[in-house]
Structure formats: structure tokens, C-alpha cells
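Down below are the structures I want you to see.
Below, chain A partners chain B and then partners chain C, in two separate complexes.
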Partner chain A sequence: MYAMVQLVLIVVQFVMLLALAPFIVGVIRKVKARLQCRRGAGLLQPYADLAKLFRKQPVRSSTTSWIFTAAPYIVFASTVAAGLLMPVFLSHTPLNFAGNIIALVYLLALGTFFLILAGLDAGSAFGGMGSSREAIVATLAEPAMMLSILAIALTAGSTNLSTIVHQSALLEGVVLAPPAHLMALAAMFIVTLAETGRVPVDNPATHLELTMIHEAMLLEYSGRYLALMEWAAGIKLLVFLTLIVNVFAPWGIATSVAPLALVTGTAVYVVKVAGLAVVIGVIESMFAKLRLFRVPELLGAAFILALLALVFFYTLRG
Partner chain B sequence: MFRIIKKSLATGVVTGQYPAAKAPSEPVSREAIEKAKPFRRSLTIREVDTGSCNACEMEMNALANPVYDVERFGVHIAASPRHTDALVVTGPVTVNMERALKDAYKQTPDPKLVIALGDCAINCGVFKGSYAVTGPVERHIPVDVRIAGCPPRPAEILAVLGELRKDRPNSDR
Partner chain C sequence: MNDGRGAVEQVRGAFARAIMEIGVVHGVPMLRLRTQDVPAVARYVHTDPGLRGSLSLLWVVDHRPREARHELCYLFTLAERKDWLLLSVDLTQGEREFASITPMVHAAKWYEREIRDLFGLIPVGHPDMRRLVRHEHWPKGSHPLNKDFAWDQVLERAQGEYAFRKIHGEGVFEVPVGPIHAGIIEPGHFRFSVAGEPILQLEVRHFWKHRGIEKLFEQQRLTDAVPLAERVSGDTSVGHSLAYCQAVETLLGIAVPPRARYLRSLFLELERLHNHLGDVGAICNDTAYALAHAHCGRLKEQLMQLNDRLTESRFLRGVNTVGGVAMDLSGAQLAHVDAELHTIEQEFGGIEKILFANASLTERLENTGVLSERIAWDHAVMGVVGRASGIDRDLRRDRPFAAYHECQPKVAVYRYGDVRARMRVRLDEVHDSIRLIHALRRQLPMGPVITGPVKTPEPGQWALSAVEGWRGEILYVVMAGEEGRIHRCKVRDPSFVHWPAIQWAALGNIVPDFPLINKSFNLSYAGNDL
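This part shows the complex of A and B:
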């Protein structure tokens, strides 16, 4: 019985991640369209795009190796695996035993690594450029991300995501160390914008190859490979938003497997994530993309914030 | 920063405030509509300029602005032919762009559409007879849809794209 419930929960979480990711992308696009005085595509447009791409015949460059075809599957699988490691609507992840927060960070890094390789593989100039930029952003974002999560992990006394989320959810909105909490949150938010290719760092809607980071690595992809890559990018965005929502503000998440708690947990989760997507859409409309050489400064600021959060945690505890 | 948000909220949605289109001189063929079936809800366009005077590109650009907002129909403009469902070709095919056009066509994944935009792409228009021109688009790659005009207005381009999204071809005419 217990094993059955756990299995069902894993499947539900899996399906939810896959199904919700395009919707979040649609929400951001809709908010941006409205702030550009446009009507914009419907919220379900990303689903139609994916369905169409899966039906197309992919084109492969004759200069590519097996990495080119394997990368989309690896990127997709590692991103989904990272998503399964973290609590989404229930504070106890079924796959809790499989890894903690460090595993999650490095599963995402594995995806990024193969994305970078794939960008280099076809040997086109733009792909290589995108890869080198992505490598810069990824290496600078990772320490800030680790530190900001560690600050929260210290508060909860565990690097296990389920424990962190469960403990803070049980506190019902009481934050033990507010300054540390807020600084870690700010650092994590900047990292999210950088890692998912959002505006101050990268522009997901650009058509200019010279300014691309994430898109430049995908220029060579077509058909189902492109669909997998774009879907994975959507899931990665959702994973980061979930991380912010559940680690920094887990209130309302289901803390037991009672049906009522599960339903409210899911509803609260979807509302929170969609709200965060709206915030990202507004930010994208307010800011211009940063010059590439200013990006390290932004990520440096995120790192300092996360470091300060750690220092505050220790000093405030006395 | 907040000035931008305030302004766009005060302006409201301006999509759709454009003059109505004339009826296209050449109706969209039944085969083209049949071929566009997989792209009814989502169409990605790559613009290939084979030597136009740039006026046609300006009109294509206008499609993405808030007034015409082609995105509301699920039409995107992509940066790579690999991402593309429809190649929009403008201008007569010049000697130097002939190979690029054929390459772009080859790199576009199947199933695909080719849209010839503007008189130049259809029959070389004002550049007919020039030594630098190798002929209309049709001479090099198969063309499915033609949008006449020099340049065609954005509303006319939108009307043709709308025609391609129809469920039952020409049923209401």
C-alpha cells in the first residue's frame, strides 16, 4: 500500500512537471505581450508549438557526431530527474532517498554541460559563441546558487530538500532569520534569471544571433530534438521557480498525503508558480539585456548576497 | 523602469487597429491550405531575402509590431531555417543569393511551405531583365503561396496567413 502511494505520487509529480512547464512559458509570454500593448498568443500556444515540432522531420548536419542526437535526450532526462528530486506539491518527495540538494544542482549542471557540447558539436560559429557564453554564466551562477541554498539548509539543519521544505512548511510563515532568508532569496532569484536565460542576462525572444546565449546553442536543432530542448528549457525554468517557491515560501504545501491537503497543496503551488512567472514577465519588460561583460557583475552581486546570508545566519544566531 | 509599465498599461492593447486588407489578387490554392494543415495552430517563419529592395522586409517587420501582432495567431519568426515551417522569400533571386536560397530550403525540415512575398519574388517585378537576377523564386524552389504587391501591405500578408489557417478551404466562398 505504502509503495503504491509513493509510486502514484512519483508519476503525478512527473506528469505535472511535464504538463505545467509549457503553461508557465505561455504565462510569461502573455504578460510580456500585454506590456508591449499586444494581444499575444494564447496561454496554450507553447503546447501547440511542441506538438507541431514533434511531428516534423528533423534535419541533421553531416558534420555532427552522436553527441548532437544524444544531447536532447540527456538534457531532457537530467532536467526531469532534477525536478523529481524536489518537493513540488507535497513536502515529502517520494524520490527523497535518491539525492539531496547537491545532486539536484549537479543534475542541472549535467544538462547544461551537454547543452554546451551540443552547441559546439556542429562546428558553427554561433553555436560555439553561445556555448562559451553559457559556460561563463553557468560557472558564475553555480556558486551563488549553492551558497544561497546552503543558507537555507543551515536554518533547517539539513541539505535534504524534503526536510528543508517540510520544516519550514510546518513553521506556518514564521521565518527564523529574516535578513538571511531575504538575501538568499534575492541571490536565488538572480541565479534563476541567469540559469534559465531570462532578460537581464539573455533574451529568449531574440532573433539576433550575436546577442544570443541559450538560443544560439539550439540554432542547429530541428524537429523533435528541438522540441525536447525547448521542453527541457521550460521544465528547467519550472524547476527553478519551484525551488524558489518551495524552499523560500513553502506555506500551503501538503505536509501529509491526506487527499484534501494534496488538493490544496497542488492549487497553492500552481498559483504561486504562475505568480512568479508574472513577476518574471514584468521584469523582462522593465529591463534591457545587460552587456555580456556586465553579467559577471550581476552574478557576483548574487554571490555576495548569498555569502552575506550565510554570515548573517551565523552572527544572528550569536 | 516603472514609467514603461505605466505607459503600456495606460495605452492598452492596440492590436487590430489597422485598415482592412484588399482581397488577395491570387487566392490561396487548395493544395497549399492542405499542405499547411499541420501548421494551423503554430507556424514558424524564416524570412529569406534573396535581393529585395527591403520594402518587403519592412512590411514583414511590421507584422511583429503591436498593431498587427502576428503572434496572436501562433506565428513566430525564427532565427534559423532549421526551426522553420515556412520560408518567406522576398526579392528576385540574385546570382549571389541563389545558393543561399537553395541551402536554406534544404535545411528546412519537412513538411515545409514556401511563400513568395512581393512582386519581385513572384515574377522579378521591377528588376526583370537585370543582369544580376537569375529569375523568380519558382525557378529555383517550389513555391506554394504567392502574395502579390509591391510591397504587399501587412494586412494583406495577415489575410493570406489567415487563409492558410482555415479549417475547410474556401467553404464560405
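This part shows the complex of A and C:
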């Protein structure tokens, strides 16, 4: 019986990540459109886009290798696997034994690595440019992300995400070290914008190949490969948003498998993630994109914030 | 034109023996030179501190069948005197070579390559003898603007390859962009040589949409070619048609009625307005600041719908006609324009405040794509781009046409030459255009809006006309042929001058900033390719 419940929970979490990701993308687009006084496409438009892409015949350049066709599956699978390692609506996620925060970071890095390879594979100039830029952003974002989560992990005394989330959730809104907490949150938020290709680091809405980062690596993709890549990008965004809401503000998450707790936990989670998507939409409407060579400065700031969070944590504890 | 004569006297004093004839064509002083003296005289006119001539146009006329000669004309704008000076030289039958002035006057670079392609005349001493207009698939010896080239012939397809300038070195690679782009943009090829992100060299390779406009003009009658002029560059319909009409009116001896002159200025300012608004939005969009883009796009749309209500054309086509304007505006319509512009200026003021307050936007625009005043001067850059680099030139003030004698613009000049300066010139000009339209409406005289021709021009007579369009100076040279036909029509959109300059503005910038630089120039491909 216990195993059955755990299995069902895993499946539910899996389906939820896949189903919710396009919705989050739709929310961000809608917010941006409304702020521009446009009506904007419906919230379900990203689902329709994915369905359309899955039906289309993919075109493969003759200069590509197996990496090109394998990459979409690897990127998609690694991103979803990362999503299964972390608590979504239940603080003790069934798969928490399979890997801790470091495993999660490296699963995402694996996806990024193959994305970079895929960008280079077709040999087009734009893909190469996108890959080199993505490599810069990823290498700079990763340490900041690790440090910021470690600052929270120290409070919980564990690198296991479920333990971290469960312990903070039980505190019900009490933050042990507020300055450290806030700084780590800020660092994590910057990393999220960078890793998921949002303004001010990248512009997901542009058609200008020369300015692209993430989109440049996808330029050669079409059909179901493109659909997988876009879906994976949406899931990656959702994974980061989930990390933020559950690590830094897990209150409301289900701490037991009681049906009522699960339902409220799910509802609270969706509201929180959608709220964060609105924040991202507002930020994208307020700021211009950074000059490419300013991006390392921004990520440097994120790193310093995360480092300070760690220092504060130790000094405040005396 | 006393100043013009002063310039002629000065040149004659320095080069007495080189000058074969001195004349004045419709108020433009003209010196006919011996072939071999052109480079020396051009250099003198270009560099002398009292003249500071900037090469505005270089064109060739094939006088066949009347006379077996090609005539080269060099038009200089004298910066110190705000006047024109024309040098001309003849190549009689059989002569195919002329001395290039590019080594002395850099701005002649593209004109001379264009002449070589379209007339088969060879600029001896030109540092870059590659083809410009005729891509390599054109067969050898096909020079379409010569009179012995039939306008409707179909050419065979030849083989050939364009040699891009190469930069060698470790880690240097080339990024080819276009001519097919991801967005809805005209075709143009950009070849970047980059070391990582910084741009070491940019070469633009255009002329993918050569439509043979100048040859097509030669198939038309003087009074019929306005629709063709309107389509040289679709976003500058009024600018091009006005420049064409003015040249033809000079030939036909037409004095345009005052009300028509005012309406022409009004339409020209309306065209400037909607284009500048669109450009400001597009510049913001290229920094991913979509909010400003959306609002500027909304205002631009309002203006284009206003255009549509006034003239039944969103692009103000069919407004200009030889002899005046094709439609009059009623008092109610003018009041409507006033009211509409009033609300647009208020809303635009709000957007402007947001733009200036947004530090992240300013950070992107400042010091990006700097075109120094020196390089701008060397390339004879003018218009919006020139005024952002400290080149204080505006034909509306310097050689007033239409109603600009009576309603003078305030010329916005900035010195930094970066993307922000180009945007600020546009912001200032939006306000000034609205002010001008209000002023034009207040002073609008009553009377007819069109008048008929007075005389028929002799074959070989020609006229020069210049209009400050929203991009910059639009120049037309129209020469009359037999029975009221066009013998030659030279079209010069400012884009032809600014494309070479953008190659310099991009240097030292990083690749992802180029679209922004390009958008701040916003040049026409159609007007360039012809």
C-alpha cells in the first residue's frame, strides 16, 4: 500500500510538472501583453503551440550528427528528472532518496551541456554564438545557485531538498536568519532569470539572431524536436520557480499525505508559482535587456549575495 | 546666390587652367572641368577650410543618341556657405576611364562603383574595384543605364563569387547574416569578422532587390512618373514624390501655388512623425524593452490611420502630383489633424518620460554604435544620423523648399553619435514636426492647390531637387528627353550614403549590439538598391 501511494505521488508530480509548465509560460506572456495594453494570446496558447509542433514533420540538417537528434530527449529527460527530485506539492517527495540538491544542479547542467552541444552541432554561426554565450551564463550562474541553496541547507542541516523544505515548512513562517534568507533568495531569483533565458539576460521574444542566447541554440530545430526543447525550457523555468517557492517560502505545502493536505498543498503551490510568473512578467516589462558583457556582473552580484548569505548565517549564529 | 559665385571665384583663382566653362543651372553654380583635373579640384573643394565641400551626389548621364558622350557630375554641399557647387566633366565617345576621386574624397566610394556597374565606366585609381550593384550573376558587359541597353531584356545567368574582405588571425571567424532574415526585414547581407563577441570588421553586401528604378524612369513621361517615385522606398512616399515633383516643376516652369506648398510641408511632416515614432519604439524593442515599443507602435498606428482618413492612403501615396497636391484638406480635416496631434503629443510626452527615467534602457543606448563626427564627415553623412554626430545640416533650413521659408524647423543636433543621440534627434524632431504642423495650419493660405505647366523643356535640360525626408536628404536629378519624356533620373536616398557609414559605427561593438545600431540608423534597402 505504501509503495502504491508513493508511486501514485511520483506519477502525479510528473504529470503536474509537464502540465503546468506551458501554463506558466502563458501567464508570463499574458502579463507582458496586458502591460503593453494588448489583449495577448490566451493562457492556453503554449499548449496549442506544442501540439502543433508535435504534429509537424521535423527537418534535420544533413550536417548534423546523432547529438542533434538525441539532445532534445536528453534535455527533456534530465530536466524532468531534476523536477522529480525536488518537493513540489508535498514536502517529502517520494524520490528524495535518489539525489540531493547537488544532483539536481548537475541534472540541469547535463541538459545545458547537451543543449550547448546541439547548438554547435549543425555548424551554423548563430548556433555557435548561442552556445558560447550559454556556456558563459551557465558557468557563472551555477556557483551562485549552489551557494544560495547551501545557505538554506545550512539552516536545515541537510542538502536533501525534502529535508530542507520539510523543516522550513514546519516552522510555519518563522525565518531563522532573515538577512541570510533574503540575500539567498535574491541570488536565487537572479540565477533563475539567467538560467531560464529571461530579460534582462536573454530575450525569449526576439527574432534577432545576433542577440539570442537560448533561442540561437534552437534555431535549427523544428517539429517534435523543437516541441521537446521548448517544453523542456518551460519545465526548467517551472523547476526554478518551484525551488524558489518551496525552499524559501514552503509554507502551505503538504507535510503529510493526508488528502486534504495534498489538495491545499497543490492549490497553494499553483498560486505561488503563478504569482512568481506574474512577477517575472512585470520585470520583463520594466527593464531593457542587459548588454551581454554586463551579464557576468549581474551574476557576480548574485554570487556575492549568496556568499554574504552564508557569512551572515555563521556570524548571526555567533 | 552671391555666396555660390564666391565659391566659383575661389576655385577659379586656384585652378584657372582646369576650368573650361562656368555656368549656372537653376541657381546651382557649375564648373566644367578637364578630365584630368577633376581629382585635384575635388580635393581642393573638399578640404579647403573656406569651402569644406561634402560630396552630396555623383551621377552620370549618357547623352546618346543626341550626343555621343557621358557626362559625370559631382555635386558638393559647401558646409561653410550652405550652398551647392557642381563640377562636371565629359567623357567623349570611346573614353571609358575616368580618374577616381575616392582616394581624396572618401564619400565617392560607392558612387564610383555604382557608375562602373551601371555605365561600364572605370574609375581609375579606385581602391575597391569589386562589383557593387551588379551581383556576380550578371553577365560581363551588361551595363543597364547605358542607352544601348534595352530596359526589358532578360539577362543570362553568369557564375562568379564576391570576395569579402578577410581578416586572418587566431580565433577570428566570420558570421554571415542574411540576406534572408528571421523577422520581416528587407534583404541585406552582413558579414561580420569577429574575435569572440567584439566586431573587428563589418561588410554590408546589399543590392539584392535591384529593380532597375532609374531605367524604369527613363521609360516614363515627366508628368507620369510620380507613382514610381513614391515606390522607390515605401516608407518615404512623400519625400521621394516631393523631390521628384520639384525637379519636374523646375523643368516645366511651374510655380506651385502657396497652399499646395504648405500642404506638401504638412504631409512631409506627417510622414516624418509616423516614421520617427515607429523608430523610437523599434530601438526600444531591440533592447527587449517591449513596453515602449507597444506604446510607440500604438501612436504610429494612430498616425497612419489619420493619414488614411485624410488621403485614403496610410503611406500618404497619391498626395503629391506635378504642379501641386492632388487633394485639398478642408478646415474640418485640418482641425481634426490638430486635435489628433494634440493627444498624440501628450501621450508621447508620457512615453518620453518613461524612456528617460529607465536607467537600464539608457545604459544600453549610451556609447553604443558611436559614429564619430570625423567619420560622419568623411562619408558625407547627413539627416538624422548626421545630426546625431554633430553634422549640423538640414535642407529645410539650409535650402528651404515647399513652405519651409515661412515655417522654419528647429534643427536638433547632438554630438555623441551613439544610439541614444540618434534616438534623441528623433524625439526632438517628433515635437518639432508637431509644432510645424500646427504652425503650417495656422498660416495656411487659401487658393488653388494645383497649377498646370508653363513650358515644355528642351531635350537635355535638367533640374536638381533636394528634400529633407525623415531619414535625410533625398536628391533627384531629372533630365528631360524628347517629347516630354525622361532622359535620365538619378535617385539618391540617404540610405545609399549611410550604409557604408554603418560599417564604421559597428566597429568595436559586440555582435549582439549590432541589431540595435542598425535599428538606430534604420536605413532603407529598397531606396539603396534602386
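Just so it is clear, the second predicted complex is superposed on the first by the 318 of 318 C-alpha atoms of A that agree within 3 Å, B and C clash if a C-alpha of one lies under 4 Å from a C-alpha of the other, contacts with A are read in each partner's own complex, and residues count from 1 in each chain.
In the analysis below, a residue touches a chain if its C-beta (ideal position, glycine included) is under 8 Å from a C-beta of that chain, and two chains touch if they have at least 3 such contacts.
The structure presented is a predicted model; accordingly, all values stated were derived computationally and were not measured.
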Contacts of A:V199 with chain B and chain C, given as first, second, both or neither: second
Touching partner for A:F287 - first (chain B), second (chain C), both, neither: both
First, second, both or neither for A:L226, with chain B first and chain C second: first
Which of chain B and chain C A:A169 touches, first, second, both or neither: neither
Which superposed partner A:E209 touches (first chain B, second chain C, both, neither): both
Contacts of A:R38 with chain B and chain C, given as first, second, both or neither: both
Touching both chain C and chain B, counted on chain A across the two superposed complexes: 35-38, 206-209, 285-287
Chain C partner contacts - residues on chain A that touch it in the complex: 32, 35-38, 125-126, 129, 132, 199-200, 203, 205-211, 284-294
Residues of chain A defined as touching chain B within the complex: 33-42, 45, 48-49, 51-52, 55-59, 206-209, 212, 215, 218-223, 226, 282, 285-287
Contacting residues of chain B [partner chain A, same complex]: 1-2, 4-5, 8-9, 11-16, 38-39, 41-42, 44, 66, 69, 71-74, 76-80, 82-83, 85, 107-111
Parts of chain C lying in touch with chain A, wherever the complex brings them together: 173-177, 181-183, 196-197, 284, 286-291, 293-295, 298, 358, 360-361, 363-364, 368, 510-515
